[in-house]
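Just below sit the structures, each encoded as structure tokens.
Heads up, the next two complexes both have subunit A, just with different partners, subunit B and then subunit C.
Now for the complex of A and B:
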């Protein structure tokens, strides 16, 4: 290994080690952070607040373990709000198979806090294959498309599904996603029937969601981990979003410092080379 | 969840992270295990949660005989391997392409037309001044970025050249915002794994 390459390797190791130490330390000793909810998060919260209680909310969980770090706390914050507000909801996956099971774990862990029970307060539709054509069919005949819940119980025998036939009985769809599933909901539900849509996405997708918000196609956006922390503030619960904000902020500060340091070192090297060349 | 499951997940997480030091057999082992488990789980899930309940049950238990057509039509895809019967595979593919083209057209109308309409914002009104600035910024960005992507003639005129240059800067700002959000997202995923190692695997009490 050449000296320059060994130096680069050592620098890489130092950066990784610094990041590990910083993240672990801030997880063990978090500093309380004051979150100010953004208008996009507030808008989604307010929409859910004004939803009629007799309608079902669909939580479209288009995520799996790969984006659990962001979509998990978002799902938790939203389920907290739905439980607190007394809204019936359905967990539903149609992009990634493990999504409904991961969301079910979250709902199961939160339910005792609010005295909620599976079947009466929420239902899990599980995963349905078929993509966009299935979503179109779902809007017109929910029991006909879903048929059974995650535990293979007939959907017609579940109390939470009482009176739910088609899109008329849906108060809102919230797409919690790590992929481009929003377009299908906009195209086949919001754009056609005007069903209100909420959106919780990973950080990388956040900037691209604003044209949808601007056009009124979605009611609000929970963007990444910071979005879930803001949502937790509005709901009045302390969840993973807020607990991890110290680590998130510390990591950002470290990266900014590294970018500045890297640029300064590059400028120094450039000057040295120019001197040596001249 | 039993602790031995958490322990296996914790060891696998550490094994995967050893790549941060250098390429090594431990990382390779857990990488292959991950790929194998993922593929096996996907296969099992599709059989038990899609094919059996959505196709097998209606056909064999509920006696809906017409579901046999799903197998026949789906099976036609595989006729692509037969030179004599490949035309049947092409029929199914063409139907699928037609279906997807129709869906894409509908998607364009319902998703993008409202966004194009929403991009026409008033730059003069009796609203708050910051809204005027915001609308003006949207207008300038829209026009300059569109001029950057106008390739029908060479950007010789100083107005077009200047506009395209501003458009390129606007694109850079947008890419910067997306890249910043990507870093934020990747950090969140790492924090989730680190929290799992601390509070689930090592069982430290959360504060």
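Now for the complex of A and C:
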């Protein structure tokens, strides 16, 4: 290994170690932060506040463990709000198989706090294959497409599903995602039937949703970890979103410092080369 | 449209459907390539036509037969049929993986032990996943000397203890690469790069409390409040970035439309049989 390459490797290891130590330290000792909810987050919160209690809310859980760091706290904040507001909801996955099970763990852990029970206050439809054509069919016949819940109980025997037949009985769909699943909901549910849509996505996907928000096709956006922290503030709970804000702050600052350092080193090298050449 | 059946009738239907499909597939296999192609092209066109008519025809109109969209009632059974097709794709994926990794193990290729790990992971996840799914979480004995609760425990270890942790680990490695790439690759070599870096700094700092705190001294309302980092970030994302995203989305939509038409009409090169024919 040449000296230059060994130096680059050493620098890389130092960066990895710095990031690891920084994130670990800030996760162990988080600093309390004050969050001001953005208009997009506030809009989703207000929409849920005004939803009729007799309608079911669909939580489309289009994420898996890879994006749990962001989508997990979002799901938690939204379930907190739905439990608090007394809204029935259905956990539903159609992109990633583990999604409904991961969301179920979150709902199970939060339910005792609000005295909520599976089957009466929420239901888990599990994962359904079939993509967009399945979503089209779902809008027309929910019990016919879902058939049974995650525990193999017939949907028609679950109290939370009482009176739920098709899109008319759905108050809102909230797509919590780490992938581009929103387009299908917009095309086949919001666009065709006008069912209100909410969106919670990973930070990098946020900008893609703003045209939909601007056009009124989605009611609000919970964007990344910061969005879930803001949502927690609105719901009045202390969750992982706020707890992890210190880590995210530290990581962002480190990356900015690294970019500046990299550019300063580039300028130094350029000057040296100019001196050597001149 | 379809009425569920139970008991012996259910199993007769299953056997008849399986036998029918096997016979049909055997018959199709005997067809010459050009007839197979014509059949595939025809079915692709019909499937595309079905969803196009369902989407573009109005739900109700006087000029439609019986005043309603005639294909709409078929959307639900079509969705169920597609569910079955997707089920087959999962099976195909499993068979393909098993063949590739089976060959690796049989021929002791480099890294064959990874293939053994694949089989161990796949078999244990399939067995315990299905087993726990059809077993109540109780102290009753299940099978192989395990109680029902133990079956659930093993599944928990596999899913929560291994799958979740491993998946999250793989994804979190990205953060380390991003930090390293930020140091090595993000260099200001032109005015555009400087502009991009300034925007990136504002968005990154505007996303987190520490960045927002930097401009907390500015008033909350009035003209000066627009210079708070959070407001600047919102302005960049909602104006500049959104215009770009809209343009990209529009381009993708137009491209997607032309691509869909090509696939629907089987004009896409390499679709179906051309690849095989080219190889020959």
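To be clear about the criterion, the second predicted complex is superposed on the first by the 278 of 278 C-alpha atoms of A that agree within 3 Å, B and C clash if a C-alpha of one lies under 4 Å from a C-alpha of the other, contacts with A are read in each partner's own complex, and residues count from 1 in each chain.
Keep in mind that, in the parts below, a contact is a pair of C-beta atoms (placed from the backbone, for glycine too) under 8 Å apart; a residue touches a chain by one contact, two chains touch by 3 or more.
Here the structure is a predicted model, which is why all the values come from computation and not from measurement.
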Clash or fit (per the criteria above) of subunit B with subunit C on subunit A: clash
Subunit B versus subunit C as contact partner of A:152, first or second or both or neither: both
Partner chain in contact with A:38 - subunit B first, subunit C second, else both or neither: second
Which of subunit B and subunit C A:226 touches, first, second, both or neither: both
Subunit B versus subunit C as contact partner of A:70, first or second or both or neither: first
First (subunit B), second (subunit C), both or neither touched by A:258: second
Superposition clash, subunit B against subunit C - the stretch among 20-28, 92-100 or 146-154 that is involved: 92-100
Touching both subunit B and subunit C, residues of subunit A: 16, 19-20, 23, 66-69, 128-129, 133, 152, 203, 206-208, 211, 214, 224, 226, 248, 251-252, 255
Of subunit A, residues touching subunit B in the complex: 13, 16, 19-20, 23-24, 27-30, 66-70, 72, 97, 126-129, 132-133, 147-148, 152, 183-184, 186-188, 190-192, 202-208, 211-212, 214-217, 223-226, 240, 243-244, 247-248, 251-252, 255
Residues of subunit B defined as touching subunit A within the complex: 20-21, 42, 45-46, 49-50, 53-54, 99, 103, 106-107, 109-111, 114-115, 117-119, 174, 177-178, 181-185, 187-195, 198-199, 204, 206-207
Subunit C-touching residues of subunit A, taken from the complex the two chains share: 8, 11-12, 15-16, 18-20, 23, 33-36, 38-39, 64-69, 98, 101-102, 105, 128-131, 133-134, 136-138, 140-141, 144-145, 152, 203, 206-208, 210-211, 214, 224, 226, 245-246, 248-256, 258-259, 261-263, 266
Touching residues on subunit C, where the partner in the complex is subunit A: 51, 54, 72, 75-76, 78-80, 82-83, 86-87, 90, 133-134, 159-160, 163-168, 170-172, 175-176, 178-180, 182-188, 197, 200-201, 204-205, 207-212, 230, 234, 237-238, 241-242, 245-246, 249
